[in-house]
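Two complexes are shown next, each including chain A; its partner changes from chain B in the first to chain C in the second.
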Partner chain A sequence: MKLGAVAHTLRLEFLVDAAPDTEVRDGYVSDLLSDVLAHAEPGDLWLTHQRHLNVVAVGKLREVAGIVFVRGLRPNPEVIQKAREEGVNLLVSQDDAFHTAGKLHRLLFP
Partner chain B sequence: MRWFRADLHIHSALSPCGSLEMSPRRIVEEARRAGLDLIAVCDHNAGENGKYVRKVAQGFPEVLMGMEIQTAEEVEILALFAEEKACLSLQEEFYALLPQIRNDPELFGDQLVVDAEDEVVRELEKLLLVPVPLSLAEAVERVWAREGLVIPAHVDRVPGGVLGVLGLLPPGEWPAVEISPWMEEGEAVRRWPELGGRRVFRGSDAHYPWEVGRAWTDLYLRTPSFTDLLWAVQGKAGRLVRPSAPWKEAS
Partner chain C sequence: MISPAPLRHREIFPVVGLDLERAGLVSTEVQRVLRRLGVEPEAVRRAGIVCFEGEMNMVLYTPGGRIILLVYDDRVELIFSDRGAGIPDVELARQPGYSTAPDWARELGFGSGMGIPNMEANSDHLEIRSRLGEGTVIRAVILRRKDETRSGSTHS
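The block that comes next holds the complex of A and B.
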């Protein structure tokens, strides 16, 4: 499913819509970037509380479909700027990680 | 110049996770036992016991003021200072910012300020084992503003290590890093090539008396002082840094 459609259904807000046509294949939930580097797969929609600038580099390296900050958390402008430069999709979910992941799972694997 | 032995990561009874036996007198006793020339007491988001450790040690060993700051990203850094005032004012600033979570000593352990006579001065009520609500960059700024030295703590470790938590060394100046007591230096550099060319420290991260000096850093200095340490970190004036062999748990 395309990221734009996922965002619409889950009511995710785009902070950076670098490539909304990206295919979301699966999801990954983690706040430890070393864990994401080791285990996230290309095409995963990555849900996190971590808002450090490094999320952009890690997301790009792992070729995730996008990074979703959960529970309404918003990164600082520097992170948004960097994501724009690197072409990494950034989104915000008002739901917490559990509910965001639950809804995403239901949508991707009905 | 000669080699001095330094352990810059020692917890005291002020850390909830630190043993109650870690009083200033006991820490100095253990540091002398371990042959340490330079130490720093770095409690979680606090540094107050350092001044009593200093008083007990009387320069033997030399004692730097310090704390282990936990940032909003849940990354831990060692902040070291020459001046008591610099460290204590930062503790005060952080304490005001910490969330209103009361420490439950039964659950987390006591947070005690203990003086040079082993008497309890006071107890810190807010839980120190939580992040200060400042980003890594903001915390580093506040340390630098007080002419302090920043060394990211046990960078390889999850939780708390900058590489473990943030995956990569973030932009910024990181001339020195600390690796875990048990981490092989070569292995760390292989796994994170970005560590190459930086000064690598090792600290004991002691929470119990017998852990003091279980791992350390040899420093080639003129005197075991803050200024000489700073030069060593900057690779200036022939000062050198060499971590001890990794600590191996007795089987």
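The block that comes next holds the complex of A and C.
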């Protein structure tokens, strides 16, 4: 399913919609950067509470479909700017990690 | 590892310790350079992850150092050298889960003890030489596979 459609259904707000046509294949929830580099898969939608600059680098390195900040958390403008430069999709979910992941799972694997 | 393949590119990137704001920039730049040189996407991907982990360790645990990128026809090499305190037990540091990251770094998502294991999983050869009080040199060799087989992306 395309990221744009996922965002619409789950009511995720785009902070950076660099490539909304990106295919979302699966999801991954983690706040540990090296864990994401080791275990997330390309095409995963990455749900996290981390919102500093390195998150953009990790998302790009692991080629995730997008990064979702949960619980309404917002990164600072510098992070958004960096994501735009690097072409990394950034989104915000008003739900917490558990509920965002639950809804995403139901959508991707009905 | 001795190979007759000629050196195509050599570049040195300085890394400033404890400068978390700039951390991660070298890996992005290294990937850009490798892509420009026409290095295969799989080798670019693996080199990016190796570089990020090596760079982050330098930023978190040392006052700084440098990363040397060497590109050959058959491989990419990354050499990380720092002027830090050194690693007391290199075998222990290579174990998944081992970490001495301070609390402030853990709050930012570092300290799962997966950095060096990730470097190993994404390189074909990883050499760590460390001297207490002098610093650490890590050399990672990433072979360029023309057939583009996916391997070593994860550590399990």
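Keep in mind that, in the parts below, the second predicted complex is superposed on the first by the 110 of 110 C-alpha atoms of A that agree within 3 Å, B and C clash if a C-alpha of one lies under 4 Å from a C-alpha of the other, contacts with A are read in each partner's own complex, and residues count from 1 in each chain.
Heads up, the rule we're going with is that a residue touches a chain if its C-beta (ideal position, glycine included) is under 8 Å from a C-beta of that chain, and two chains touch if they have at least 3 such contacts.
These numbers were taken from a predicted model, which means no experiment stands behind them.
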item: Partner chain in contact with A:Val79 - chain B first, chain C second, else both or neither; value: neither
item: First, second, both or neither for A:His52, with chain B first and chain C second; value: both
item: Contact breadth on chain A, by residue count: chain C or chain B; value: C
item: Partner chain(s) touched by A:Val92 [first = chain B, second = chain C, both, neither]; value: neither
item: Which superposed partner A:Ala7 touches (first chain B, second chain C, both, neither); value: neither
item: Which superposed partner A:Leu104 touches (first chain B, second chain C, both, neither); value: neither
item: First (chain B), second (chain C), both or neither touched by A:His39; value: second
item: Common ground on chain A, meaning residues reached by chain C in one complex and by chain B in the other; value: 31-35, 37, 50, 52-54, 57-58
item: Residues of chain B defined as touching chain A within the complex; value: 72-74, 135-136, 158-159, 163-168, 170-171
item: Chain A contact footprint on chain C (complex, rising order); value: 20-21, 23-25, 27-28, 31, 45, 48-49, 52-53, 56, 108-115, 117-118, 121, 154-156
item: Touching residues (chain side chain A, partner chain C) in the complex; value: 31-35, 37-39, 48, 50, 52-58, 60-63, 86
item: Of chain A, residues touching chain B in the complex; value: 31-37, 50-54, 57-58, 76
